[in-house]
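Notes for the one structure printed next.
Here the chain labels run A, B and C in written order, and each chain numbers its own residues starting at 1.
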């Protein structure tokens, strides 16, 4: 097999650069069987068709290539060999190996999804050695309130209190409006009277036995605008995810009206993942001063093709608007691959630009640091004196040093 | 001109791999003049502007580069030289040369489009040496029924019988809902009473002199759900085609609701062509266990750029969900180019992955075989004992051998 | 840093090829301060966030890399060094240096946007040495009429006269329907009575103190169809621009109905910029004989990534349908970069095709000339005896020679 010199170009500027993962979740430390493991390495909610495996995919090949050596196996060990070794070592050891090998300095963990199955922030800090900050899922707050009996008379006030309380420690919030109602209905601030009516209707549904699941556009709009009023860092799920999304309603351009209306608020908006709409997201980050993006999730799931996805994210988006995330959930492999593929892809993109246009190494390094951690620190205001990690391992350095 | 080493990398793993073209049409054996030939090498319904030619395009250059040598001409013979030689050899000889040089082992031929101008399955098997299987166009079945006087009282029962009859030999069905009504209206199963009403209205139009052309969303929905009920392999035209489509209504994401509703039926859904929505199609193939895709048509029409289109199709789509097709119609050149450009593009994508991530040759070969023919055989259930080719040349090997 | 041989391949066929920029604006000759300069090098309407700069972007790096040497600075001079040198030389000298270094032979200047801040066609011809042709902005004509008191009784007749008058010298018209109403409402010819009603309503708004800004779909439809009736060359803003656009309403596919209805009129339609919908635009240029496209604007703003954008525009679009534009406005840097990056990107795309498929140098040269100027001359009918430049410098050669 001949080599492809275009791909071997590297700048080396990512070496030793810390990595701030501004959107991820906890990992499991359970011993995973084949079926559990496959389900954590796909966005599909179902098994692969008979005779096939979810691991015959970019992410599956990336695990076999890159994670196998972390578990002392040869690259491209078979899936069965990998799973056997994973069980032999034990889920806890494997997760720590992979997390620590990822070299992340800071993790922003969103805690609203299947929290009982995965490590909490304290556990993640201990397992990874990274500082951990918390991101609050807005829809989850509303579900907590309505699930515990909160009705239209007190919902808005109770939500205000709960949000304020959580923001004492959290560095930002996240919305899954894309999953629940589609981004096309996220627009102007909703009328309070209509919010109350919607809460009453939801409460009645729940009283009638419906699951406590928020899928009302008016209420979600209210949650978002309360966050805007507080000048929050607001993350939005954008683009692809599991089979629950209507992907054509997850195009970030559908947020244009919301972005216009929120521009002067002090809030900052973080468009997560974005694939296959990352060019559209880059446009929004270009024209709106408060909009940021990453291509997390897509990096892991496009594997050997992630170089191209990362390079495409470096078109319209200013270099001070791009962030890194892994969107890892459950399998520690996704942290390790997210970090490895991101470092590699950004490095190769910079090497190409250096080759084409003579970008100096100092400028490549500066852009790399911006994307790897500096943009996130600035945009989330981590240097604000009131911000402290939700959890940090004994080995974590002082925050004032910046990411290690 | 300097060489581009990145492009010269090949794995060689496609050598000798059979090719199953799961979506194509018959070819003409007529002697084509310049105008006829140009019209077969474009999706445009009109001549090129004065002073220009449809052959100044990727597909036109690919014909001159790759097909000219099959006709004993030098690469990049002029279009006139090519047409003269094509006439000298005669349409029948040229078509056989190109079909046989394509090295296809199996062809799934859709017979519902301009069938009187092209070879039928038996003719295609004879001309190509490949086994031929039939795909039935659903809208055409309904048009046959209503065109021969079938009305609302008996349409549904007659359609059931006709579909069952055709499925005795066909391996799947195809819908051109994208052309006729747009994919946004293909959703849940329509109410039978509404189907009958729509048939009555259509029948009245036809009685009043309108052409027998099905463009009613309710009826098309009925045709599709009858196929779902039978657990069929269902092909959908997706993405670009001729000027008759509203391309923004051909985005495969518009099928999301239909895919959710049909997931447990046993039916499999094949998204054809998909360009420029192949990344969106890859997402659907990733999350829905019964969804497959190809980038046929786009391969031929992007020519020297088809490497990139093929590589882009290898992102979210699991490797067991990608198929090969040429979507060739009329000109045998499109079979030859479809096969050549697909083999080359897949090989180069695999070579890049091998270079970036050390994919072993055995894994490259396994992925190549999956995409080239194994996925189609599995997904269309060709190994089911009841399935036999509609036509096979005397030189075709036994089906139980798998593709030659 | 290792080199990337794939990118160093060039055909050399662009050397000495003239460049016809079919869509641009005038430049300023003012001495620009940092803030003014930054605002001309972004599509954002606002300053970059505190602690950041719009010049940390592809276009900012391209200026530092490629424009600095034109001002006698080393590549990658800092932004401050660049601005200081720019002021020392003076805005007039800098603009002339950059314009002349761009090597453009012909400029089609659209004069309807902030005309008081930039050079007019005569000034542009003098500063650049190029021939200058005028493009008329349709919405501006209507605004002139209604702003000067024209009401529903005489609007249509007055517009007819004004358009005819302007077309005596202009080579085409442009519409910003995408900005004002979205492309989804540009369809069939509107009813004259509805046009009159809409003009009356607009006139009343203006009389009531509203700014004279046309944002009515019916009136814009009328302006467009009057241009269609005259068989004009009609440019459409497509795809990205500033924060004023709803980008999801700027997809060129939304024009499909308009394109079908205007196909036989003799009018030609030019889709400008198109990013990130350039593949969709390529489809329209493929199937509709009267549709053309460029990827101007995106070339400048994607900088080191413009090679990929240009290559992507060479897929479905026939080679006789692609044009060059810079869409430069205000900063002469955008002319220089537009020309440089276009020449480089087209050359590299052709080098890749030559490498992959042996495109002969003569064919590469022919395609390069088509895209660089021949397609525009043919499609805009510049060789029609009645067409003369609106302005030409003393150094401009005779028109009958074709571009220099």
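FYI, a contact is a pair of C-beta atoms (placed from the backbone, for glycine too) under 8 Å apart; a residue touches a chain by one contact, two chains touch by 3 or more.
Quantities reported herein were computed from a predicted structural model and do not represent experimental measurements.
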Superposition rotation for chain B onto chain C, Cα-based, multiple of 5°: 120
Same or different contact residues where chain C meets its copy chain A, judged by the half mark: different
Distance from chain C to chain A - Cα centre to Cα centre, in angstrom: 38
Multi-chain contact residues (two or more partners), chain A: 4-6, 8
Interface residues, chain C side, partner chain B - complex: 4-6, 8-12, 251, 253-254, 256-257, 260, 263, 279-280, 283, 286-290, 311-312, 314-316, 318-320, 351-361, 363, 367, 370, 378-379
Touching residues (chain side chain B, partner chain C) in the complex: 1-8, 42-49, 51-54, 56-58, 61-62, 65-66, 75-76, 240, 242-243, 246-248, 275-276, 298, 301-305, 307-309
